[in-house]
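One structure coming up, written as structure tokens, with questions to follow.
Each chain carries a letter (A, B and C) given by its place in the written order, and its residues are counted from 1.
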Amino acid sequence: MKSFLSINDVENLPELVKDALEIKKNPHVYKDLGLDKSMCLIFLNPSLRTRLSSQKAAFNLDLNTAVLDVGSQGWQLEFADGVKMDSDKAEHIKEAAAVIGSYFDIVAIRAFAKLENREEDYSEQVMESFKKYCPAPVINMESGTGHPLQALADLITIEEHKTVEKPKVVLTWAPHPRALPQAVANSFSKWMQAAGFDLTITHPQGYELVGEAVGNASVEYNQKKAFEGADFVYAKNWSSYSQYGKILSQNPDWMVTANKMKLTNNAKFMHCLPLRRNVIAEDDVVDSENSLIIPQAANRIYSMQVVLQHILKELK
Amino acid sequence: MKSFLSINDVENLPELVKDALEIKKNPHVYKDLGLDKSMCLIFLNPSLRTRLSSQKAAFNLDLNTAVLDVGSQGWQLEFADGVKMDSDKAEHIKEAAAVIGSYFDIVAIRAFAKLENREEDYSEQVMESFKKYCPAPVINMESGTGHPLQALADLITIEEHKTVEKPKVVLTWAPHPRALPQAVANSFSKWMQAAGFDLTITHPQGYELVGEAVGNASVEYNQKKAFEGADFVYAKNWSSYSQYGKILSQNPDWMVTANKMKLTNNAKFMHCLPLRRNVIAEDDVVDSENSLIIPQAANRIYSMQVVLQHILKELK
Amino acid sequence: MKSFLSINDVENLPELVKDALEIKKNPHVYKDLGLDKSMCLIFLNPSLRTRLSSQKAAFNLDLNTAVLDVGSQGWQLEFADGVKMDSDKAEHIKEAAAVIGSYFDIVAIRAFAKLENREEDYSEQVMESFKKYCPAPVINMESGTGHPLQALADLITIEEHKTVEKPKVVLTWAPHPRALPQAVANSFSKWMQAAGFDLTITHPQGYELVGEAVGNASVEYNQKKAFEGADFVYAKNWSSYSQYGKILSQNPDWMVTANKMKLTNNAKFMHCLPLRRNVIAEDDVVDSENSLIIPQAANRIYSMQVVLQHILKELK
């Protein structure tokens, strides 16, 4: 693996998941891969799980890691070519990416969607510019349109808990008080389909994901109907793609409840966290035996670690 | 040791101090304890000594450590059960503690008293919730009502410098321009008594510590009388417990002076730092040969290291 | 080397540069120097290259490093003697430096000029106070008046690319929208002269550097004339020393252009970054084959690493 910006960078998905499960059994035996290598984690936005699971994955590999937080003060990077840089932007992405990539063997970046301009967010300017100008491999720790490390952790979790070869997976929109990016939903949809699972996406009218993410998934506007026979229910809020960044509904009827879960095939419940209890899902669902949210979050370690290992192997 | 929230978690105090003094002689020989283990330091409040001495203790043990600062942006955690989380709190302590505890072998937390609501501060909500929901051992890096790592460092320092078996130790309130928590004073009082020392607490009327912290210590409102025959004078400001969080006095007569120190049995001077010179104590006291403030701060390394070692031994 | 505050701490400059170039060939073979040693990086101001290159140099040496950011919240240190500390300054430099120096084997500090009071900035209060009260060696990561780690990286870069023994080096002022310190220019001038190079400094009237930094360099107010025959052109903005901290000119005629570079002896172009394109220098210069800005930034690793190694050798 050269870089890890999206599922397009994965050559063999079943092998990646198999390797992750193998790593999970004995995470400390691959330290030779990290020897004399180092990584930089760049956060343009806040992070809890991604930050800590990435550091833990690096610990497991003896991979030295520097963390750069540029969210609070802002990092005034210029991305345009030929500009006279006499305003607030002190550095061009060309130099920033080239320098950081000359210091470290791997560079991982988080840069959220701003939800102001769809074309800008979906152009993936930060991620694509780093890929272009940074000589080191780049890892996406959640970008404007995708969160592939989360989707890989989700896939690992489903592989561990599925009881049939091709489970029915339901991605359900759920209400939330704030406007959230589509990144997690986009990546989840793409990865589930790439894994060959039977994916149904359910949400109110107007919350359709970008066509590229929907792919061949079934879209069902009746949540209860969608839940029928589900093996996994993945809840997530996102803001509208068509009326970009807007909250079109906060209808509490879309909350995942224990009653709705009864419609499923004894489905496991998943969410990427943080989870607003009794808004996204009822306590009874979150705390049920079928809730996978904690092991799912724990798999973020192995999702990052397997990506690091595949990249480090190519650097040897 | 399973966790380290207060002196109640210490099974054998003399042994803990003895082990700390042993570690101090040769701090780098216990690295096998840190092998393949990792720790997360969570700061809900600023920290200088605690942050750096904890990292240094971890370095001595080859214990990989991630630092999470959640003070500046705030960490909007929900602690109540059954709440509909539709306001500013994005994550429930149940998930936050469970996830961090699934990533790391040890979790250490700092969460100051807010000095607004006594019952809330003394309920130790953050510390107790982490202990409840975090599967990993939890270490208190200063909580609403206690600072046991400081008290242990204080005890180590006194053990190193005492010339009699049971020295007379005086904890004296001293003035300060801001309202400070009672955490350091509470823990110091408990630990000195647990160590079997002869403890006198002196402060103006209204600054009585919580009864549980006072225990069997002598309380003396006449500071000069309290100093008579003292082997150690420990200065510290705290705000009122009875008129909770209030500053009742800034009387400069309570400053520790060289003249007052003459009343003692050539007492050593101690303070947990940071110390406001010529407010808490005169320069002549702070800079005197009897001042232990720097070696006392240095012992914060061994206070943390011995706690880590006792916890890591149980994890093996 | 005991500390590294300025070029005055360098005993043998050619040897230091030779060692740096040797380290660069095989940076991971000196790890025994870092064994059981640790460092603290203290940032009173933001940092990208210095922060990351210092951490990378430490990784290369297996030198455990704690990073302390005190810029955002401010670090209210008292520097004056005998003061009654009853205002906003919570800690005296005497304790802060003594404690941090008791925790770590090396302490590195960044503290920018405030550009408000020349005497205050040029007194180097932070750096000198740490040197005085900190028992551990101190490294200057950019102070009020100098940036010796940058100058050493610059010198390493010139040594790698020079084609004559004593190249003609031109330090040229260039315009910038904000008032910047003189630290980089001061150190560059001193180090180039110490290396025995032929240094010309060119800038508009009123931008004369402090006499101690100018030394025996040629000062030429005609930029084009200065460029004639240059082997290296080093661009940098700084604010006025005589009218302290003021911007006297933003004249775009001082920008480094491809046309001006034609006046040189096919000179290499250098800048310490971040660089405002088409303000400091044209894209055509920055992106030309003769631009050394990225390898120059990469040499920050070896500049820090050689200083660390010289200090660590004395600690053994």
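Methods note: a contact is a pair of C-beta atoms (placed from the backbone, for glycine too) under 8 Å apart; a residue touches a chain by one contact, two chains touch by 3 or more.
None of these values were measured; they are calculated from a predicted model.
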> Are the two sides of the chain B and chain C contact the same residues or different ones, given that same means over half of the numbers occur on both copies?
Replying inline: different
> Any idea what the CA-fit rotation angle from chain A to chain C is, to the nearest 5 degrees?
Replying inline: 120
> Taking each chain's centre as the mean of its CA atoms, how far is chain B from chain C in angstrom?
Replying inline: 39
>> Where in chain B do residues touch at least two different other chains?
In response: 72
> Tell me, which parts of chain A touch chain B in their complex?
Replying inline: 28, 46, 48-49, 51-53, 55-56, 59, 72, 177, 273-279, 283, 293-295, 297-298, 301
> Hey, which residues of chain B end up touching chain A in the complex?
Replying inline: 36, 38, 40, 64, 66, 68, 72-73, 78, 81-87, 90-92, 95-96, 98-100, 102-104
